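Some structures are shown below for you to check.
You will see two complexes here that share subunit A, one where it goes with subunit B and one where it goes with subunit C.
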Partner chain A sequence: MDPASFVAPALNALFGIASLAIVALGLAVVLGLLGVLNLAHGELVMVGAYCAYVAQSQGWPYLAAVPLALALCALLGWSVERWLVRPLYQRPFDTLVLTWGLSLLLRKSAEAIFGLGYKSLTEPIGGTLEVLGTSYPRYRLLLIATAAVVLGALFAWYRRSRTGTRIQAMVGNPDLARALGLPVRRYASATFVAGTCLAGLAGVLIAPLVPVQPFMGLDYILMSFFVLVVGGLGSLAGLSTGSALIGGVNSAVSALSDSTGGYLSVLVIAILFLWLRPRGIHAR
Partner chain B sequence: MRANGAATALRVGAAALALAALPLLVGDFWAYQLGLFYLYAIAALGVGVCWGRAGFLPLGQGLFFGLAAYLSGLALIAFEQRPGWLLLMLPLAVCVPGVLAFAIGVLVFRRRGESGPYFSMITLALALLAFQVANNWESVTGGFNGLKGIPGLPGLDSYAAAYAVAAAALVAAALLVAWLYRAPLGVLWAALAQNERRVVMFGFDSNRLKAVAFAASGALAGIGGALYAPQQGLVTPQLVGFALSADLVIWAAVGGRGSLLGPALGAIAIGVLSGELRDRFPYWEIVLAIVFIAVVLFAPEGLAGAIAPLARWRRRRQAQADSPAIAAPPRADAGRAARLELDGVDVRIGEVTILDRLALSFDRPAIYCVIGPNGAGKTSTFNVITGELAAQAGSVRFDSRAIESLPAHRVVRLGIGRKFQIPSVFPALSVADHLAIALWSARARPLDLLRPSLRRWSSPLLDALRARYPFLADGTRAAAALSHGERQILELAMALLGEPRLLLLDEPCAGLSPQETAAVIDVIRWVRTQHGATIVVIEHDMALVRTLADHVFVLHNGKVLAEGTVAAIQADPAVQAIYVGAAK
Partner chain C sequence: MHRSPNAARRRLVVAAGSAALGAGVWRPAFAQANEFKIGFFIALSGPAALFGPTQRACADLAAERINKAGGILGKPVRLIFADAGGPPAETAKSAVRLMLEDKVDLFIGSHDSATREANIATIKARTPYIYSPVYEGGECSPNVFCLGETPPQQAQPAIEFLAKEKKAKTFHLIGDDYVWPRKVNEQVKKFVAAAGGKVVGEEYVPFGAPNKFEEAVTRIKGARPDAVVATLVGADNVNFNRTFAGFGLDKSIARVSLLLEENTLLGIGAENSGNLYSCMGYFANSPSEGAKAFKAAYLAKYGDKAPQLATIGADCYSALNLAKALFDKAGSADAKKLAAASEGLPFDSASGRVTMHGRQVDKDMYLATCKGTQFEVIETIKGVKSGTACRA
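The block that comes next holds the complex of A and B.
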């Protein structure tokens, strides 16, 4: 058999895993470090995607969407942490309800501003690149590379840097960290903002490859959550295995039957993990 | 009680009459619109049951509403010429969503403690999945354009009749929920939402209770959906998907999820308002989302909270109407001596050894005290006995039956009662509800939980406890309003009321004044002689141990260091060493 015939499926799988992992990363940060399930995560991805749409439709360079999305998501993240999450760290259930309300607010706002219809963007970097004898879209390769760099850098920074260590201290024991004089409140706020910014960034990255519309966030929050259920919180390995399993099963079953079958199998896997390994494959 | 029942009947009659007369006031068009929102209101009542009562949030209720609507629509089309069959098919369209909800609940709630966000996410995912199925399965559901040409209910297809059907269904559904809330089931749901572990320690299967709540909400959504199809004549995939699911949560929150009628009120008020404003005012939905967030943050009682003073007056009147107590049935196994043996029990968490081949035996009706320094494994021993902490090795036998692999609620049902170290109560429930829950423990059979009369159960032990502690007799106070000492005594009383044969007390006198301590010691001794129970007490206070203990175990580093009478223990040099820190 021709070895080149494996390259395209392998790259497709890699692309699927990378895009799922980059979308789930923001949720992993917020849920893993702060214990807050941000149900508006998918809508923050949507905000990023609409930023890309605005940049492109205004004729700005595509990269202009990055600062736009970061600024918007940082503002949203900061205010949400300050007003909706911080008063309720002791009441995680209410946080869930409130971020769900926020997701509704963002979705309805997008609907009011941009309408219900699909927006499609053109890839900012067109054309293909020859990989081992197979030509593959350049933008997808760029996305895989960006996802790998962002994930790798973030986890390395978290494990190695001084601030990363302090955040680990906050995660392990917030009261003790506060007693040691660490600005726990500021770290929590910064962590939340980092999570929302990562969501916005993911939105900018994937926007040219998916239909941009107000309801897109629903799929992303569910898929991201299932990735974390399966992979477990707090490690790069967990995030990648989760993305691989969820993304792999979803695309495999979808290809064999239809998208409904793919969706159903992801749901079944999530429920099985909930029973058998509630902390995921890579439990902390 | 009878006067009270008559008053209730009068209120329900007045409400039904008002609903019936409404079309005369607002005209046919509005009556038709209202009829639709009555059906949504029935489904919103179900969100109130789950979220307001039992404390978990379903984000995909549209699934059950839409499923029932499709089923009833298909039945109405198929049996248009043979309407007799509809008497069977329409109830089925209500039952299927209820059964489905129960099955989902059993599956998802199986792991306790993980159910909050998981449950919400899985219900959301199921609604999105159902939308895809309804959208793609064109041969059955009619696909994106929906199931068209559904005939009305035979003989009831005028606008006025459709309104009357919806109004009657709403009244019936509200009565059903009111009954559930008055029954022990409703009390246990409220208790679950506040302190699930305590409910389990009364021998109730909390996962099953939650699944039943979810089933009720599924069936309520089913009633709404089954009537939606004939009323509207069209069922589209939007019904099963996310949009209606989200609306139901908003309506329940804004109307007041914690009260019986709040969710229905929200559905009708916000629903009608949305129908009016959605097209005229493009930012209406955004305003609604902001209102939702504000209500959750600042006014969890919602619209119903705004009219609460009225309800409060009603409740006071109800409390005054004194109803006679009913004697609770005695426990089947009352008086049999308990025998508990732990052998070779190992518990490790990571690198840390919690229990190290622990062997303990409680084999006669007596008061045993377990003492030992902090971290000796005393509370962990209790957790192993009650099935909350899994042992890696060893056996736990109760009445020579192996219980180490039983779930906590089943262990408790065998006749083991427990009082936690930190008073563990249900802050928002009244003292009377606490005592009633304790009495139902191990006495009420599953179907008994539907009988409101169980709230009037009493037992000789309860009478005696009320005589000793007068605050227990004033049943209307909420547990949150009790002092620390009162809460300790309330929890002790609850542990006693189940009349367990083995009673585990974790520092029952912590934080009590000398008088309260003396009273608690009195009660423990009295229960010991009165009921012949085996009592195990974890205690730090040696003075207390001296007055209480028939037999003492000293735990150290997860194993028994010494055992015997108080005098023998105090003379033991090994015990003195760990307490005083003498040389080895």
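The block that comes next holds the complex of A and C.
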């Protein structure tokens, strides 16, 4: 067989994995480090996507959507953590109900502001690029590269920086960390904000590829959750493994048979992991 | 017709919410005895709720006109809207409530085929039922009247156009995995064979799943068909067409989408709509006098901020006009008399005068090409038969 015929499926798999990882990242940070399953995560991705829509419809350069989404998601994340999530740490079910309510509120707010119609964005970098004998959309290649850079940078920072070490201390034993004089509250708030900002950033990145609409978040929360179930919580290695397995299998089976087969295998994998290895591959 | 993507998961998430909200039926505080009550199913929740405002506005416009003209069977018409945006079983429950509590005289439904099947199984012909949107044809249950475009009306002209004008010989079919796309594609294969073409690929994506289309588009790119026939709905339709053009296939492969209306085209976007066609009985800018008059009346009532006109919505207007013509001709709500009255019955649809035969509608069809985010009708096919003839 022509080696070029493997390039497109490989890039598809890579794109599937990268887009999954970048979307799941924010959820991984909040769930892995704070133990809060943020059901409004998909809606924060949606907020980011609408920021991109606003930026583009105002005629601003596409990159202007990044600070806009970061600012809005930081504000949302900070207020939600400060007034809603903080009293509920260690009460997982209550935070679940809380963030579910938040997701409804965000969806309805988007509906009130923008309506239910699909918004379409122009890809900031359109067209295709020749890669090893096959043409592939440029923007998807850019997304793969961006996801790799963001994940790599975050990984390096978390491993090497002092703050990263302190957050690890907070996650490991909050009481001891507090006793050592670490500002645990502030770290928790900052971690939550980081998670919501990453969700917003993911929204900006994927917005040109999908219909932007109030319900879009539901597409992402479920797949992100599967990634974390499979990969395990609390580490970027878990996130990467989970994305690679879920995204890779989905893409491979979809390419070999069809999308129904791809989605079915994702569900089977997620169920098997919940059943047999609920802490995931990289159990902490 | 349109079935909300992501429905399955949404059901899970929304279940608790809708339980808290209670019945999906809107009931005004005052009910009068001497009214002609119509249980009207439109999408009030879920992603198909995108069509809700247009459906409601078109239905209200028709009801207002009918009431000015003396109502139905001499009684003023009252519309009782109920949600058909959730799972079919939920909608069927609302149908029971509307039958037993509100004692409606008629049901009108503008929703997907799965919900139609659930409703028919629940109503069991006890109340007449008008089903209005584009569908797969062949619905002959008693006391049911269908308005929508069937595959012989929609898919056949589109495929003949692709075969003749675009010289398409090979076709790839892609659709959402539920009753409408599968039944439509059974007929599409016959039309393709009749036009001397060949179906070289057929695939379905899970309905309600977070679908992505990179793999399907890569497969199509490898197979190089001359044309693609899409029976995808809503966000899946938008997603597929955006991915298709993103991979640069729009230049070499023609696409026809069988549920492509104004809202979906806005989502697909101007730079992704090249070489894309739609064949419908109604477009907001259909060239017919009837469509122009309907649009003028709609804009006169609702002004510039009116919800976007599209086939889903306009069908509600047509359905109410059919109701008036049908009941007034039959002179009663008796099923046999209604069925007899329906044969050869002329009435005004949103596109103009049409005729009911075999409890289906023969109509003019419009083949349109996409110019940016607008449809441009390139061919009008007069008086196309539905291909379904139910016994009166």
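Note that in this section the second predicted complex is superposed on the first by the 266 of 284 C-alpha atoms of A that agree within 3 Å, B and C clash if a C-alpha of one lies under 4 Å from a C-alpha of the other, contacts with A are read in each partner's own complex, and residues count from 1 in each chain.
The rule is simple: a residue touches a chain if its C-beta (ideal position, glycine included) is under 8 Å from a C-beta of that chain, and two chains touch if they have at least 3 such contacts.
Only a predicted model underlies this, so the values are computations on that prediction, with no experimental measurement involved.
By the touch criterion stated above, A:Ser109 is placed in contact with subunit B alone, subunit C being left untouched.
In the overlay built on the shared chain, the residue A:Phe215 is in contact with subunit B and with subunit C. Contacts of A:Ile271 after superposition on the shared chain: subunit B is touched, whereas subunit C is not. In the superposition on chain A, contact of A:Gly35 is made with neither subunit B nor subunit C. Looking at the shared chain after the overlay, A:Phe93 reaches subunit B, while subunit C stays out of its contact range.
By the document's definition of touching, of the two partners only subunit C reaches A:Ser5; subunit B does not. Judged by the touch definition given at the top, the superposed model places A:Pro67 against neither subunit B nor subunit C.
Legend: residue contacts after superposition of the two complexes on their common chain; A:Glu123 is shown touching subunit C, with no touch to subunit B.
When the two complexes are overlaid on their common chain A, residue A:Gly133 makes contact with neither subunit B nor subunit C.
In the superposition on chain A, the residues of subunit A contacting both subunit B and subunit C are 100, 104, 215, 218-219, 222, 258-260, 263-264.
Those residues of subunit B whose C-beta lies close enough to touch subunit A in the complex are 55, 57, 59, 107-108, 110-111, 114, 116-118, 120-122, 124-126, 128-129, 132-133, 136, 242, 246, 249-250, 253, 282-283, 285-286, 288-290, 292-293, 296-297.
Of all the residues in subunit A, the ones that touch subunit C in their complex are 5, 8-9, 12, 15-16, 100, 104, 116-123, 126-128, 135-137, 139-140, 209-211, 213, 215-216, 218-220, 222-223, 251, 254-255, 258-260, 262-264.
Touching subunit A in their complex are the following residues of subunit C: 6, 9-10, 13, 17, 46-47, 49-50, 52, 177, 203-206, 209-216, 218-219, 221-222, 235, 238-239, 242-243, 246-248, 263-264, 266-269, 271-272, 308.
Of all residues in subunit A, those touching subunit B in their complex are 37, 84, 87, 92-94, 96-98, 100-102, 104-105, 108-109, 111-112, 215, 218-219, 222, 225-226, 229, 258-260, 263-264, 267, 270-271, 274-275, 278.
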